[in-house]
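What follows is a group of structures, each given as structure tokens.
Look for chain A in each of the two complexes below; its partner is chain B in the first and chain C in the second.
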Partner chain A sequence: MAWLETIVNGLLVGSLYALFGLGAALTFGVAKIVNVAHGEFIVLSGFIGIMLVGIIPIHPLLLVPLVIVIVFAIGFILQMTLLNRVVGKDPIPPMLLTFGLSIVLKNAMVEVFGATPRSINMGGLRFKGMEVFGMTLGVLPVIIFVISVSLFVALHFFLKYTRVGRTLRATGDEAQFVQLFGVNYRRAFGVATALALSMSAAAGMMLAMRSTITPFTGGDRLLIAFEVVIIGGLGSMWGALIGGLILGVTHLVGLRIDPNSGLLYPDIVFFIILTIMPRGISGWRQ
Partner chain B sequence: MAAVTTMLSRSPGRHHLLLMPAVLLVLALCAVAAPFVVGEGLLRLSSEILLIFAMAQMWNLLSGYAGLLSIGHQVFVGAGAYGMFALSIHAGVNPYVAIAFAPFVSGLLAALVAPILFRLRDAYFTIGMWVFSEIVTILVGKSNWLGGQNGLTLSALRDMDPDWISPISFWWAAFAAIGSLVLLAGLMRSRLGLALLAVRDNDVAASSLGIDVWRSRFIAFVISAAGTGLCGAIYFLGPAHILPAAGFDPNWVVIMLFICVVGGLGTIEGPIVGTIVYFGLRQAFATSGNWYLILMGSVAVVVMLVARKGLWGTLHARYGISLIPIRREPPSDKTFGI
Partner chain C sequence: MTPLLETSDLQTFYGDFQALFGLDFSIAEGETVAMIGANGAGKSTFLRSIAGLNTQKKGTIRFAGEDITRLRADLISRRGIALVPEGRVMFPSLTVEENLLMGLGTDRAGAWTLKKVYELFPALTSIRHSSSVRISGGQQQMVAIGRALLTNPRLLLCDEISLGLAPKITNDIYACFSEIKASGTAIMLVEQDIVRACQAADRFYCLLEGRISLTGRPADFGIEVISRSYFGTGDHHGLA
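Take a look at the complex of A and B:
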């Protein structure tokens, strides 16, 4: 039973990992940008959340949509003013630009928020447990799981059935070609990055609820995000969800076997999966 | 035809080819003499500059010339250094000599992991490289033989004359820096260099011309890892102590990347310019704490926005100047009988 509990907890934390990856998958899928500053945006959103919780006296979970909107705007401006200037056939310039951006963001956050670990005060909710089929699960991780999976579902329907969603998918397939249909692909990139960062905003808020964050937390989260995206197959949404869940379970099971192994087992699983399927889970059939 | 003629007129004359060994000889003589002229503090800084430059050049070889963008190169810095420490501690090899074996350790590591990493393409490779370096970092941290989280101390150095430590590391550093220049210039004038450029620009077209894509990349990868490992070993001679967090610090690759990006990825002169900018910023703003890092990141962003090929790369593209000519003479008009 204890093992089952570990696996279920792994799935719960894995949903958050999947959400880290979802943003990265979206930026890559549509704008073909490998966003190295993704981890920093996750942490920045967490800090925005921490600040807002201090100002607005409502439950932190209700602040998630507000942070999503704020970060959506940041993402749109970022893509329109900076990233769109360097996108093109060569994938390296945008990657290097976001690399510079990640250094700036990380150290600016150290200046503004300091380096001490902080988290969002969840009151009694943080350590509340509940009994499910004989397992003791945290209430907060379950809530986070539900929110994460809902975001996946919401994004799925958005991309599949709305006009903007279709435009984004078409731009992802043929950025030059969609111009013939009156689509401004740069704007589409802007919306994609904005959406991607909104997903990481939700993830960052929930990360700050579950555990603590510092400006240096971004690096590890970026690694997880990248692993998730690549296991899933670059640009694939459902691949990202499966990738996140696999990594979450491996992480917790690994930590149970070998307490000070850090991300070792997820890293090894990442390599094994890629050796078998070099294009990730969703690229398996191609 | 106009394009070819301008290229011809701009292409380096033959006297440049003789000039280069002369310049190198002067540089080498300066390096030999430097420890007797320069004070201890400046000597250490110079060693660091030379090592960082050589590392950046090795990263440039892989990412700029072979087109394999690596964000896990710190693994080779640590591997070389740990290799040198382990040889000295567990096999009793003189540390100064053990440095010479460091490139074999990091090169071997690269050769072993290449078959897995090379299955991954583009961004997949880049991130695979990072994950690989994370795995090695954690494993070294768990290995008692390599000192675990407490790291290793180069105790053999205590029995040596302390006055010679800085000069010898400086000479090694100078060897690494000049060696990296010679290696890169030589490589890029060879068949392999041409093959690498062809593979970088279009691997499918290159392989249709009969170039062994895998083999060219493999050689570049192993050389780059070996050179980086050598630099790592020399660097950690100074502190005589290594921790997993220091040897495998991601900041190593951040610095290499910064230097190449700012100077110009895929040019030999670029990292020279990049190294000057990096150390200039560092020395000028070192006391300002985080602001210097913020500035460094901003410089990288601005360079990407206004001069995407880096400072030197942009100059080169606009005016065709090059200090270390590697471009071949294009076939003259007569070859075609025009």
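Take a look at the complex of A and C:
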């Protein structure tokens, strides 16, 4: 039963990992940008959350939508003013730009928020547990799981059934040719990055709820996001969800076997999956 | 009467390489014009230049009186120029119907609706929810044309419709052009197949190595003369 509990907890934390990856998958899938500053945006969103919790006296979970909206705007402006200048056939310039951006963001966050670990004060909810089929699960991780999976489902419906979603998918396929249908692909990139970062915003806030963040937490999250995206298959949404859940389970199972292993076991699993399925879960048939 | 589209001294470049050398071209409202020429003559480049996909260009392109030479491609499509691109270019993540619906992105009012397109190409009705890359080349070509029509264009640019298709399928697709003409849309056909192009068009331009080598009405010249101009002067026997 204890093992089952570990696996279920792995799924719960894995949903958050999946959300880290979702944003990265979306930026890559539509704008073909590898955003090296992805982790910093996750952490920045966490800090924005921490700041707002101090200002607005409502429950922190209710602030998640507000942070999503704020970071959506940041993402759109970022793409339209900065990233669109360097997008093109060569994938290196956007990578270098976001790499520089990650360093700037890290230092700016140290300046503004300090380097001490901080978290969002969840009151009693943080350590509240509940009994499910004889297992003891944290209430907060279950809530985070539900929100994460809901965001996946919401994004799925948005991309599949709305005109904007259709345009984003077409832009990911053929950015040049969507222009023939009245689409400004640079603006489509802007919407994609805005959506991607708002997913990271939700992830960052919930990360700050379940554990602590510092301006330096971004690097590890970026690594997780990349592993999730690559396990799932580049640009695939559902691949990212499964990839995140696999990493979450191996992480906690690994820590149970060997408490000092850190991210070693997820990395090994990542390596094995990549060897067997170089195109990731969603691309293994091709 | 001013032409619908007019290019004067149009030159297009790929980096240091020049593909078009000063093309003067015009097409009137409702007219069908063929542009014929061999592989690499610059036909696709010409269409891409008009649609705004090639941006390295000199000279002027005027559409309905407006200079669109430097206009962004998405705005050109909103003005009413549609391109059926070479190789059809499906959006693989989208179904057949979603590909067609992309045509509505220009927000142009007009006679063409999704229902009309299905009436024009009944073969698409039963595969509307299929993946656009798992259908035949002929069906893809119908999607590409239908998608362009849904933008309700004043000018339809068609790049090598017959490429890679069986003659019977090509016939079926060409048969629909009379209906498109009837809707008042001007059509520009790029073709390697001289006979087919001359049958469909009111006028033709022959393109040779980035320059116009001959232009006029097909009936005034005959296939023999046109094909000589197609391949350049010299040996032309048995090639058409």
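Here is the rule we go by: the second predicted complex is superposed on the first by the 286 of 286 C-alpha atoms of A that agree within 3 Å, B and C clash if a C-alpha of one lies under 4 Å from a C-alpha of the other, contacts with A are read in each partner's own complex, and residues count from 1 in each chain.
By definition in this document, contacts are C-beta pairs under 8 Å (C-beta built on N, C-alpha and C of every residue); 3 or more make two chains touch, one makes a residue touch a chain.
All values derive from a computational prediction rather than experimental measurement.
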Checklist entry - Should A:T27 be classified as contacting the first partner (chain B), the second (chain C), both, or neither? => result neither
Next on the checklist: Output check: A:T193 vs chain B and chain C. Expected answer is one of first, second, both, neither. What do you get?
Outcome noted: neither
Next on the checklist: One more residue to check, A:N9. First (chain B), second (chain C), both or neither?
Outcome noted: neither
Next on the checklist: With both complexes overlaid on chain A, does A:S45 touch chain B (first), chain C (second), both or neither?
Outcome noted: neither
Checklist entry - Thinking of the overlay built on chain A, is A:R166 touched by chain B (first), by chain C (second), by both, or by neither? => result second
Next on the checklist: Just to be sure I read the superposition right, which of the two partners does A:P93 touch: chain B = first, chain C = second, or both, or neither?
Outcome noted: first
Item to check | Chain touching more of chain A, residue-wise (chain B, chain C) | outcome: B
Checklist entry - Touching A:S148 in the superposition: chain B (first), chain C (second), both, neither? => result neither
Item to check | Partner chain(s) touched by A:F226 [first = chain B, second = chain C, both, neither] | outcome: first
Checklist entry - In the complex formed with chain A, which residues of chain B make contact? => result 69, 71, 116, 119-124, 126-128, 130-132, 134-135, 138-139, 142, 250, 254, 257, 261, 265, 290-291, 293-294, 296-301, 303-305, 308
Checklist outcome for this item: Per the touch rule, the chain A residues reaching chain B in their complex are 28, 34, 36, 82, 85-86, 91-93, 95-97, 99-108, 110-111, 219, 223, 226-227, 230, 234, 260-264, 267-268, 270-271, 274-275, 278-279
Item to check | Interface residues, chain C side, partner chain A - complex | outcome: 51-53, 72-74, 77-78, 82-83, 85, 89, 91-94, 98, 101-107, 147-148, 151
Item to check | Interface residues, chain A side, partner chain C - complex | outcome: 163, 166-167, 169-170, 172-174, 176-185
